[in-house]
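In the two assemblies presented below, subunit A is common to both, partnered first by subunit B and then by subunit C.
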Partner chain A sequence: MADTKASPEAEESQASPERLKVTIDGVTTEVEPGTLLIEAALKAGKYIPHFCWHPRMKPVAKCRMCLVEVEDQRGLPPACTTPCSNEMVVHTDTPIVQQVQESVLELLLANHPLDCPVCDRGGECPLQDQTMAYGPGESRFVEEKRHYEKPIALSELVLLDRERCILCDRCTRFADEVAGDPLIAFVERGNRTHVLTFPDEPFRSYFSGNTIEACPVGALTAVPYRFKARPWDLEEVESTCAQCAVGCRVKLQSSSSRVLRVLGVDSEEVNQGWLCDKGRFGFEYLHHDDRLTAPMIRIDGELVEASWGEALDAAADGIKRAAKEGPDALGFLGGSRSTTESAYAFSKLARIAGTNNVDAQLGDGLEAAFLVGANPRASIANLDSAAAIVVAGPDLKEELPVLYLRVKQAALKNGVPLIECSPMQTGLSRYAAVSLIHRAGETAQLLSALAGAAQREPTDRPPAGASATDFQRAVEIISEACDKNAVVIAGRTGLATSDGELGASATQLAEAIGGLVLPVAHRANTMGALFAGCAPDLLPGGSRLADGDGGSRAAIEKAWGRAVPSHEGRDASGIVTEAARGNVGALVLMGADLIDDFPDRSLGLEAIGRTGFIVAIDIFMTPTAAAADVVFPAATFGEQSGCVVNIEGRVTRQVAKVAPPGSSQPEWYLLDQLTSRISGKPARWTSHQDVFEEMAAAAPAFAEVTRASIEGAKGTVVRASDTYAPQEIEHPPIATDQYNHRVIAGRKLYGDGQVSGRCTAFRRIDTKAVARLNSRDMSRLGVEDGVAVRLRGARADLEIAVMTDDSVPEGSVSVPFNRIATSSGADEKETGESALHPIRVADLIDSTAAVNEVRIETLESPA
Partner chain B sequence: MSFSAENRRIADRIVAQYPQSESAVLPLLHLAQSQDGWLSPDGMREVAEILGLEPAQVFSVASFYTMYLREPAGKKIISVCNNISCMLQGSDELLERIEHRLGSKCGHSTSGGEVYLEEVECLAACGGAPCLQVDGEYFENVTIEAADSIVDSAMRGERPEGGKGLPSDFYSEPLGAPSIPEGLGANEGEGS
Partner chain C sequence: MGKFSGFAVTLRHMFRKPVTTQYPKEVREKPVRFHGRHVLNRYPDGMEKCIGCELCAAVCPAKCIYVRGKDNPPGNPVSPGERYGYVYEINLLRCIFCGLCVEACPTTAITMSNMFEFSVTDRNQAIFTKEHLLVGEDGKPNRKLGVEADVTADALEEAGGWMRATAPGGNANFKEEVLWSPEAGVGTRLPEGVADNHPRDIGADTRSPEGRVEQ
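Moving on to the complex of A and B:
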């Protein structure tokens, strides 16, 4: 990083009092006050060897490797804790410094096993490298080394070899300081200091993998990567993680066309180097045997392998046949798991086929116009210096873990007051100044009330059952933060509630306090797909379809050589509801599973059962694909290049590293073929770049987004052509039924979905679903932890084990959406076998209702 | 374990003495140990819960101090100093002798649970090296013969002869009241 301000006119070193002049090994550089010597050295292009110092953690000066000589100072201070002062003159390679470096290394190696040939870190090990560069070459120690059992499991994912550990405190500091999960610590301090968990309490942090990357030796290794490769055999590309919509930057490493490891890239804008364990270890599904490898068509009721030509013809015929019945006979769902290019191709295919019934969200998101057009939109980095943060959305720790880290950091390190509006306590509650816990499904009402109160509209009682004191406290905080860039994070709070007006009321609140909005979406490229026009009311570029003959529509029609249909399209819920009534002739599903990944499973099943023709583009034979008439195998993350858009609207590149299995193709390719068969015009694209260029030409919003500007970690932020401006907001009264527990159905980081379920790394992690209830509800029901109860809902009954959890308010029940509910206890005894009912929480949910409630019944106790 | 109602009250009072509740970790660990006679994992877990810490953090502290016994201990505790003065005066041989006589290793209790033997760092009685403690009572200039008789009385559950007096019965007596003088609890109620 060249410092632009440090100009060659060096004379005036005194002139800028807020900058300090430091000379390191003869190189003079200017730094901000508070800069540590080790940082100043890096800036001056001087590497000071170090182990314990990490740019993203507080320095502790544990390893002593960074000792340097400072003129006019006694002793050798550690560069990692010494702040620069003006006119400081530093030497990093004098004989005395070298001698000390040799001694430090000799001591660090005194007990080190030197087992580099069998160590995963060998070849990329800071200890190995620095020993080569600065070490004494020989050791005087002849004593027996310390021995420990090699290696021990800290968790299902992380192994620890204590013999290799140099006690730098990076892993333990990370766990405490960054992740907020201090589950590992130094124990038996003294001659046998080592890192350990509490007995029987594994290091189950969602961020545990970062410690492996931060460890400067091979003490911490990853279960999935252990003995898989040597660093020099790995090839790598930089890409963007495809597990959630934060879009962390990653290094994707492979050998022999298999992805073997994912590492974090330090992108200041997005992930600051960290990854969640799902992003880091969730790639094994790529090489799973269950991957689809060839297209299939249904012949005499059976899905059989077919050639690409046959499958494309069959799919195009089916779509064309249905299209004759008018636009509403077609439904296109998906795109949020694809690249933006493929999503664009999907949206285009829908429109060319004659319908606006296209949706990338599966009835589990927020208004598309809000997601793309939120205004003024916050960036992730805005959180660092926000005057306040309001989180009204899912449990970020479970759904957008690295965003959680950023919010937590803002609250804890920068002192940003955090207001949480959630139907139950979340991972962020411990850091929140106020947690406005309220009735599920009424978050929008609460945000509107906050907006009103910020504008001095008196509220006699906060809505949604929130506590009046907490509400008052929240109002004080946001009033204080007015016009100082407070950020309102808004996302769907759960899948059992519709959160209809959430985008509008979040916008209203942001307006009232002069703040910014950061909408959050669930799947990795939901934003990209919406920007590509995969929403009934949006065109590529995020312009409003209904705005008629505006510039964007004309540009698109010109690019496509076709009129864009003008009927009012249906969103996912509308499409599935109509399909369930038997009114849809053809459904085209791209990475969209209506049976296991749609909030309303009974509706999804009905829709699949009653639709005449289904095309599924996917990577696995999902229950939905298994019911389709044509199945196309798609390339996915790591196998195709293209761009993705994160929650901020940041466009970055995903890069192909390995080959997709069998004859799988990137989705844009087969969509182009289908478009050509339907329109009768030749297919247009030979690479994802062709698609990108067409999209950029068609959608004015993408005009700024050039291929060059999205290279690298920073990418470029795209803004929708039409910004979101909500109309008058009305909060329809919530119709509740006779049932007495409101359902909160959030997603857990580790589910048992098509992808996570096929990663061996996660297989040993317990993903059994339990229903969580407040202790008062538990005693009212007279049940204990682990006992199975029946949740009686409008759609179905679900037998599930209960667990006391006071983060759930009384009168609510929290159930994980993405896990299989295993009914236990009574059943097992009755049937004499472990009864695994593949019943899902989604069976319970009526997605057409604003909220879902259940009655909880105890089961007859077995005699 | 779970704190008795009485000890739970004491725990709350101790916590209230500190502006930051974590600071109460050492006294609470002593309290847990005084209730059980040793510091069990459940004891550490409970302390962690009271203080809003992770058990690993409490474990990290507890495992630094030899005075916290993380294994069920014998009725009497013999602590042999192993630091430099004592070592030069033969504490290694002393320890070996005691192990032999007890028939159990350092860091363990005798099979009948009579005596627990441990090695400790400097007892600040270097002038009387080699030295040891039995239940906190100092024994100085301990010869091999003296050690034998100390061990024998300890095994019989008696207080050995020749000690310097009991400073406090730290390990075996339940903590009656926090060792912090009442008057210091000015900020009582804060900090938890």
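Moving on to the complex of A and C:
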């Protein structure tokens, strides 16, 4: 049980003169003032039975299971709300306490249906366990129990069986206190009290799955896990979630080589036990029938299954042929969805093939040098005690949900003032002291202006259309927080804006206020891939290619036995642009889909059409893979071991639990084979540990990172050898057209991508794309909610339904990047086929422009 | 002692009644708690008793039972309550006939019969599936499927009979009355109508597990 551990704060108490001495069942221990009795008991190695107390939530003393006897005190106080006092003497197992525990359990069971055999919690249920340990053994109730309809759906993902509920208030407290989505509450009184949603408002919280894990009985169960297995069927490993770059620690549980459940691990540094629902329920794609199972090569225009040897030979030949035309005839994209080992193998292959044109980001992130080298870099835990937090990036609730929880907790619980710099209101706006809503694409200007104002440089007007009063307040807050570890969170605000100087201005702001920077990326192992050298200007370890000062470069050349090419490489946008011009002979794509992932879809399509030879390493037949010449099936999360690096630079381990489908292989394996075919030297690795060791030896930044040090939840934080120092920043002027709407293309948590689209759990959730507009823009256009309009962009037209949303400022339009916009898209989702036709938001975007604008036209009514 | 004295024993036995039973022509009476092969029982109304709880699988020392549960189809439930045994397999080559599964079962769904003849010609045939194990609508065991030797007529014809032999209370004369209390899962009272304002139709229809990954 996760909640039987003492909360880490309680454990890590520093020495202080005012420590309290508490004696619990004869064991004396010293605790900090304010420690609750139940925590002190855990510290002393005494388990006090409890249901409602949860180490990460405020105690409420609802269940009365934790009553204890305190000497010289009348009555039996609940250990979960009683703070320790000095010289306290507590007994947890006297006859009176035992009698009370029996009565409490007897009462809790009075209306409990005891349907343990059919209950998903049976076998791992705190109520079962504590009834066995502390219960009366036999019930005296002969009356019929209370009955409710069972189960009822609280949302698409969570079911509630009210008969089993013991009214401990954990789920409702979580929803309100931790998630900030108070969508469930107790209704009625007395014997009829139960948990329910509000009328017509389901429990659609991104964090709803945590209530299932927190529920001490089987009242809340998960739709995806329902009746899939019983606890004793499950085998488990601890791993790191692969859905976003926060890198939450998870328990991966499987039975018969199928992943069936993901649970959170309480890691103080990262997720404090919580997961978002995407991480918790987004594993069903692993066992989808569409998984690639064998390599394929194109013969006479058709992709046909081939042996590994044939496919590797074909891929190596194609790459070698293109390499003859010089380094720029090659492009290597991907790595951010793989383990760091595989990304390292990918970056090595690119360099051995003779090019620096390698990029793990698909033109949808920030500068690689900033992401790996941000300095001084903040950790997630720094947020708790920051003097202020500036968030300049995507909607954290949608893209990095558990980071959102941490920021929200800092703002709400610790009172850290939050400044939000965003083109539209986000999930955090509610908790922000100031929301600097500004024109999309000009976040960098705003940060620079804040930096300037913090250094008393007068600004006549805040840039980017932010309100002057808000700006003034923000300046006050950051001036207050100067030199007190304020944190600047910086990430790409959306895919329709290039945010070119954002990293530089975030660094500038952090410097100006003596704070820290926390750069954020989207895909799970973006940081790992960049640290492994999957960027045109970086080498493994995050050292700058251009510096060439001998140090790290020499180590790498020694490890590889080969010179690292020294020409200036191209990033993803550069590679795709060149490919679209027909200048690239061979593209190697590893978990990178130029059609659905690259922000500029028309460019991606063009690039694929005009590239002579494409190798795709993927888990599904993505539209890009379908157009490739050689396709390799890859093992993925849960199927291969390796390490990943989260936004803080924290290296943790992902552990294999189930077998990959068919003959799929971890990417490092096939990349090693390709490297050997290209370099003519024998393949070197037989396990991911060999890869890890070579990487650690080659990159000085990984010197601290050993196999032992990355075991466990804490992992090791890695720092790039070269830190990021921005040049003088120049913000190029952005031409605005008064008649146009600026596009904000953020991602939604649940998208329609290759992976989420194949998770049954999310397919129940409505993921229709709508364009959101300010109410004033809506009335100016004269359209109502749900009406389709045409967004006329530079690249394409998109017909999409509109919805009023005043969190979008006037003059902007918000469209979800990762959802299919047209009705024809639904078919693609059904069949999972790679139809190239449905128009997506990415069709609108011109990735070469700093901002993208569209005209909104009403459609003629069909009459 | 003549040299024939040794034959006395032989001679004596020649006039005794033979103890050999002419199996398979003659079938011996089996003790009432005989541990033969398992059956999966039904309620008198034809509903399956197994709820797919996997307790039998959990307790089995030979690890020879494989069970997977599933939601009861709403219109046509297989068992009372929410869950039924969707996959049920016993590998009789591994089974040690200890009967612990019978003891663990909360619904007396699994009991042991008198049937003991199940020689097979292929190991796979020794894995009895739900099809083999489940008694018919008439409560009689399925004795024909796949395993040819399993055809001997048997004294205990009804599911209730085997239950008697293995009644958890240990009483060989135990009759009827299942231990499955009507409360667990299916109340005799209707549920209280307090959820009327609840948004029911929000797509989480767990009972039609469309597109779910099957075990």
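Keep in mind that, in the parts below, the second predicted complex is superposed on the first by the 826 of 863 C-alpha atoms of A that agree within 3 Å, B and C clash if a C-alpha of one lies under 4 Å from a C-alpha of the other, contacts with A are read in each partner's own complex, and residues count from 1 in each chain.
Following the convention adopted for this analysis, contacts are C-beta pairs under 8 Å (C-beta built on N, C-alpha and C of every residue); 3 or more make two chains touch, one makes a residue touch a chain.
All values reported here derive from a predicted model rather than from experimental measurement.
Participant: If we overlay the two complexes on their shared chain A, which of subunit B and subunit C does A:138 touch? Say first, second, both or neither.
Facilitator: Touch partners of A:138: none, neither subunit B nor subunit C.
Participant: Just subunit B (first), just subunit C (second), both, or neither: which does A:190 touch?
Facilitator: first
Participant: A:147 contacts which: subunit B (first), subunit C (second), both, neither?
Facilitator: second
Participant: Is A:182 touching the first partner subunit B, the second partner subunit C, both, or neither of them?
Facilitator: Touch partner of A:182: subunit B, not subunit C.
Participant: Which partner chains sit in contact with A:157 here, subunit B, subunit C, both or neither? Use first/second/both/neither.
Facilitator: second
Participant: Could you tell me if A:72 is touching subunit B, subunit C, both of them or neither one (first, second, both, neither)?
Facilitator: Neither: A:72 stays clear of subunit B and subunit C.
Participant: Is A:232 touching anything from subunit B or subunit C once the two structures are fitted on A? First, second, both or neither.
Facilitator: After superposing on A, A:232 lies in contact with subunit C but is clear of subunit B.
Participant: Compare subunit B and subunit C by how many residues of subunit A each one touches, and report the one with more.
Facilitator: Comparing subunit B with subunit C, the partner touching more subunit A residues is C.
Participant: If I apply the document's touch criterion, which positions on subunit A are contacted by subunit B in one structure and by subunit C in the other?
Facilitator: 187-188, 196-197, 199-201
Participant: Within their complex, state which residues of subunit C touch subunit A.
Facilitator: Subunit C residues touching subunit A: 51-55, 58, 68-71, 81-83, 106-107, 183-185, 187-192, 194-195, 197-200, 202-206, 210-213, 215.
Participant: For subunit A, which residues are in contact with subunit C within the complex?
Facilitator: Those residues of subunit A that touch subunit C are 113-115, 117-118, 122-123, 144-153, 155-159, 187-188, 192, 194, 196-197, 199-202, 223, 226-230, 232-233, 256, 258, 284, 287, 760, 763-766.
Participant: Where on subunit B does subunit A make contact in their complex?
Facilitator: Listed in rising order, the residues of subunit B that touch subunit A are 41, 44-45, 53-60, 63-64.
Participant: Show me the residue ranges of subunit A that touch subunit B in the complex, using the header's touch definition.
Facilitator: My answer: residues 176, 181-190, 196-201.
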